[in-house]
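Note that chain A is present in both complexes that follow, paired respectively with chain B and with chain C.
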Partner chain A sequence: MIEIRNFTFTYRESDAPVVRDINLSIPAGSFVGITGAAGSGKSTLTYAMNGIIPHCYPGDFFGSVTVDGLDTCETSLTDISQIVGSVCQDIDSQIVTSIVEDEMLYGLENFGVPHNEIEKRVEEALEDMGISDLRDRVIASLSGGQKQKVAIASILALKPKVLMLDEPTAELDPASSLQVFQLLARYAREHGTTVVVVEQKIALVSEFADMLVIVDKGTIRFADTPANVLAHSEELLEIGVNCPRATTLMNRLAADGVYNGPVCRNVEEACYALMGILGGNPVGRALAESEAIA
Partner chain B sequence: MNGFLEYVPGTSLLHRMNPVAKLLFAVIFAIMCFCTSNLVFLGAMLVLGLVMAASCGMMRQTFGLMKAVFVFSLILALLLILTSSSGEPLVDLPWGYIGTGSILAAVTTSVRLEAAAIPLFLTFYVTKMSDLSNSVVKVLHVPYKYAFTFTSTVHFIPVFMNDMKGIMEAQTARGVEFDQGGFVNKVRLMVPLCVPLLVSSVRKTNSAAIAAEVRGFNLRTRESGYKQYPFAAYDIAALVLVIALVVVAVILH
Partner chain C sequence: MTIEFRDVHASYDANTPILRGVSFTVNDGEFVAFVGTNGAGKSTTMRLVNGLMKPESGEVLIDGVPTTQLKTSELARRVGFLFQNPDSQICCNTVREELLFGFRALKMDMDDAARRVDGIIAEFGFNPDDDPFLLNRGTRQLLALASIVVLETPVVVLDEPTTGLDFRECVKVMDIIRRLHERGTTVVMVCHDMEVVADFAERVIVMSDGLVVDQGPTFEVLRNRRTLEAASLVPPQIVDISLALQLMDPALVESPIARANTLAELYAAIAPDAQAVSFEGVAR
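And now, the complex of A and B:
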């Protein structure tokens, strides 16, 4: 769906390239998580995929980026936007109207969705994000999490082939963050949508992504399944990416030769793995019991 | 707490009226107030404005507005009192005199400004900004770009005010005393803060422009709007009423 070849980009006002020699292939229908330390070039990478680079931020563009077969340099931003729906990092500036319903209508009206289809799309998108009850609310009166869901729903209503989100859970508490990811994953599965999400919460994104991309100083350090990427927890830590603690623990046990199973992405998986290692001894039994209670 | 020009939800007749009808009514009403100097008629128009405000439950906002307009009209009234020497002389001035006529003119000006302002402001309080801009584009054929510029401006006022508040709070936390020394001191301390505010505003405006563009801003035409804005009987009645008022105002002069 998205092909990036030898992509290097320098913003006009900076001297050094922000991203260098990027090669990345994102298959249709996949759920891709992009993470990395602050200032590593994650956002620039997403701007390249949704056409904001080169159409809104001028600079030196080398290589090629194609989305659904269209070269982003030769296609207008408006045309790219009909394929890639983007939710920006700064939600307040993304919102252009003051009522939830109008915000939902905005993109649909602009892209000329037939008027008899609009109502259904609005209802479905609100339902998909679980915010049907907010339809008539004034956006300024919503909480950060609700605004985030409105912003996502307004893009979902456009039914883009690719959904691109820049830190969609930045303003959310852990429970709402998980909820947003669950909703996104379900939506993507049901509609066959490709999802690209920039996310700092690596534990969360590893649970849902098929591919985890780690960006470090403008280059792609890893682009693989979350399990394969998380196996490198030591190197990740060096470049400023904190792995989930359960992963780090199990990777150390693996390095010491105690554990030789697959990489654990969360506490549950680590728990099962430990039960397996400890087998019949009391700690293992205690773990099994606590797991049964949970 | 609602902000400046921010829509207040409701179901009153004024809320339900066609946005274009409301806007036309308010604009013609304001022009009409400037067509006459009959104080009794203007007083009646002021009362009519207040009745409209009461009918949609906006008395609190209206009084706030009236206070602001009053301060402004006071300056004009003062100028009128000091410069127009007419009627029975009351106080002698080196360049003329303050007469009953000057005071009448001052009062008329104040009442006129108050009466003209109320329906205009009510229009914004009882109409969603998006309905207003969409209907103006659809019915009055105003180019969408201009309508969007206006709605974005109004949309961003509270956002920027919030930013300013945030910057001021951050400065207060570092010991800047905004609450000391009155208004002049406050303004003096606020001026340097306009630079960071400007920077953040430009950045926000830029991302808002990008956000609008990736959601098809350039494709929007007059036919894009999903909602329809038909004229109901009461919309036509309101327009007939305001035109009749214009006629009366011109006759009374």
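And now, the complex of A and C:
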């Protein structure tokens, strides 16, 4: 769905490239998580995929980026945005109207979605985000988390082939963040939507993504399944990416020869692995330990 | 300096009550985290502490004095407030001016102010002539925090200080807050990141739907399954593992695994024969 070949980009006002020699292939219907330290080039990479680069940010563009077979340099931003629906990092820069319902209608009407389909799309998207009750609210009166949900719903309603979200859960509590990721995974599974998410919450993204991309100083350091990437927890820490603590614990136990199973991405996997370590007789082992402490 | 809420009710419009009878006390020099879902009333509670909002009924007392009897400027000398979004706070054209702003607004001694601002610029490693709005998000957050720290208020209130920051920036911000607390400042923090709460807070107050549903020492609260469920909270991963293992094998209730709150404690409980391991740089 998205092919990036030998891509290097330098913003007009800067001397050095922000991203260098990027090669990345994102299959249709996959769920891709992108993470890395601040300033590593994550957002630039998303701008290249949704056409903001080169259409809005001028600069030196080397290599090629194609989306659904279209070269982004030769396709207008309007045409790209019919394929790639983007949710910006700065929600306020995305919202253009003052009432939730109007915000939902803005994209649908501009994209020429048939009138008789609009109501259904609005209802569905609001319901999917769990904000049907906010439909008539003034956007300025919403909390940061609620605004974030409105911005995501307004893009979901457009049913783009690619959903691109830059830190969509920054303002959300853990329960809502999980809900957003479950929803994105459902869109990938049921509608074949390609999902690309830039996210600092690595525990969350590792749970849902098929591919985890780690960007470091403008280059791709890792692009693999989350388990294969998380195996490198020490190296990730050096470039400012902290693994989930369940992963850190199990990787350390593996390095010290206590554990020799697959990488654990989350609490559940760690628990099953730990039951294995605690052994054929976890009860006896645990009691022995408690006696040692006493 | 203590903060006390007594049966506080508050709302933005009469039809939607936000706080529905909130009571708690934060003692002098404590580090307390407020947790709960979006819309639970945490940010509203913070606004009541610094007097941006006044209670409809009940009382908010700062060192025994109701906020209704204190002028905004008097409250500002006692309570430093870090907004959720640094851009709601930053208003000057240079880093130096931004750091001096609080002193000017509060009509404090400017010689002393200049000395303190110089100190904080060195401590945080800022360039005093930078335009705040051209800095990246993490640095703007640090600047907003520095402009509170420099005023040396006895209380600081932080509304999600680590939101939108990457791991290194988060460590930097929390390190500054930890040092502030060690110097005796009372710290009140709203935070969704349970790993941060577990690493830094001494006590946790849980809010849900405009009420305080639990409060107590950090790990007592974060290990209470009923509380976690009532407030839709996910415990920090190490606590989560410790709780889950006990469910999978009830015999573990008696083992140190059942009491492990940190990476190092859980590691030692699982591999007691291995030498002590430090997780410095990852977690406290």
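By our rule, the second predicted complex is superposed on the first by the 279 of 294 C-alpha atoms of A that agree within 3 Å, B and C clash if a C-alpha of one lies under 4 Å from a C-alpha of the other, contacts with A are read in each partner's own complex, and residues count from 1 in each chain.
We adopt the following convention: contacts are C-beta pairs under 8 Å (C-beta built on N, C-alpha and C of every residue); 3 or more make two chains touch, one makes a residue touch a chain.
Remember, it's a predicted structure, so these values are computed and weren't measured experimentally.
Colleague: Put chain B and chain C onto chain A via the superposition and say whether they clash or fit.
Modeller: They clash: once the shared chain is superposed, the two partners overlap in space.
Colleague: Should A:T72 be classified as contacting the first partner (chain B), the second (chain C), both, or neither?
Modeller: In the superposed model, A:T72 contacts neither chain B nor chain C.
Colleague: When the two structures are overlaid on chain A, which partner does A:L237 contact: first (chain B), second (chain C), both, or neither?
Modeller: It touches chain C, and chain B stays clear.
Colleague: Who wins on chain A residues touched, chain B or chain C?
Modeller: C
Colleague: Applying the document's definition of touch, where does A:V138 land relative to chain B and chain C: first, second, both, or neither?
Modeller: A:V138 contacts chain B only, not chain C.
Colleague: Counting only touches as set out at the top, which of chain B and chain C does A:Q200 meet: first, second, both, neither?
Modeller: second
Colleague: Determine, under the contact definition given at the top, whether A:I99 touches first (chain B), second (chain C), both, or neither.
Modeller: first
Colleague: Classify the contacts of A:P174 with the two partner chains as first (chain B alone), second (chain C alone), both, or neither.
Modeller: Only chain C is touched by A:P174; chain B is not.
Colleague: Using the touch definition from the top, say if A:T44 reaches chain B (first), chain C (second), both or neither.
Modeller: neither
Colleague: Based on the superposition described at the top, state which of 99-107, 135-143, 153-161 or 207-215 belonging to chain C clashes with chain B.
Modeller: Answer for the clashing stretch of chain C: 99-107.
Colleague: Under the contact rule defined above, give the chain A residues that sit at the interface with chain B and also at the interface with chain C.
Modeller: none
Colleague: With touch defined as at the start, can you tell me which chain C residues reach chain A in the complex?
Modeller: Spelled out, the residues of chain C in touch with chain A are 12, 36-39, 43, 84-85, 136-138, 163-169, 192, 194-195, 232-234, 236-238, 240-241, 244-245, 248-249, 251-252, 254-257, 263, 266-267, 269-272, 274, 277, 279, 281-283.
Colleague: Would you tell me which residues of chain A are touching chain B in their complex?
Modeller: For chain A paired with chain B, touching residues are 50-52, 56, 77-78, 81-82, 86, 88, 90, 92-99, 102, 105-112, 115, 118, 136, 138, 140, 154-155, 158.
Colleague: Once bound in the complex, which stretches of chain B touch chain A?
Modeller: Within the complex, chain B contacts chain A at residues 3, 6-7, 9, 128-130, 151-152, 155, 158-159, 204-205, 207-208, 210-220, 224-227.
Colleague: Using the touch definition from the top, list the residues of chain A that touch chain C in their complex.
Modeller: Interface residues on the chain A side: 36-39, 141, 143-146, 167, 170-176, 178, 200, 203, 237, 240-242, 244-246, 248-249, 252-253, 256, 258, 267-268, 270-271, 274-275, 277-278, 282-283, 286-287, 289-290, 292-293.
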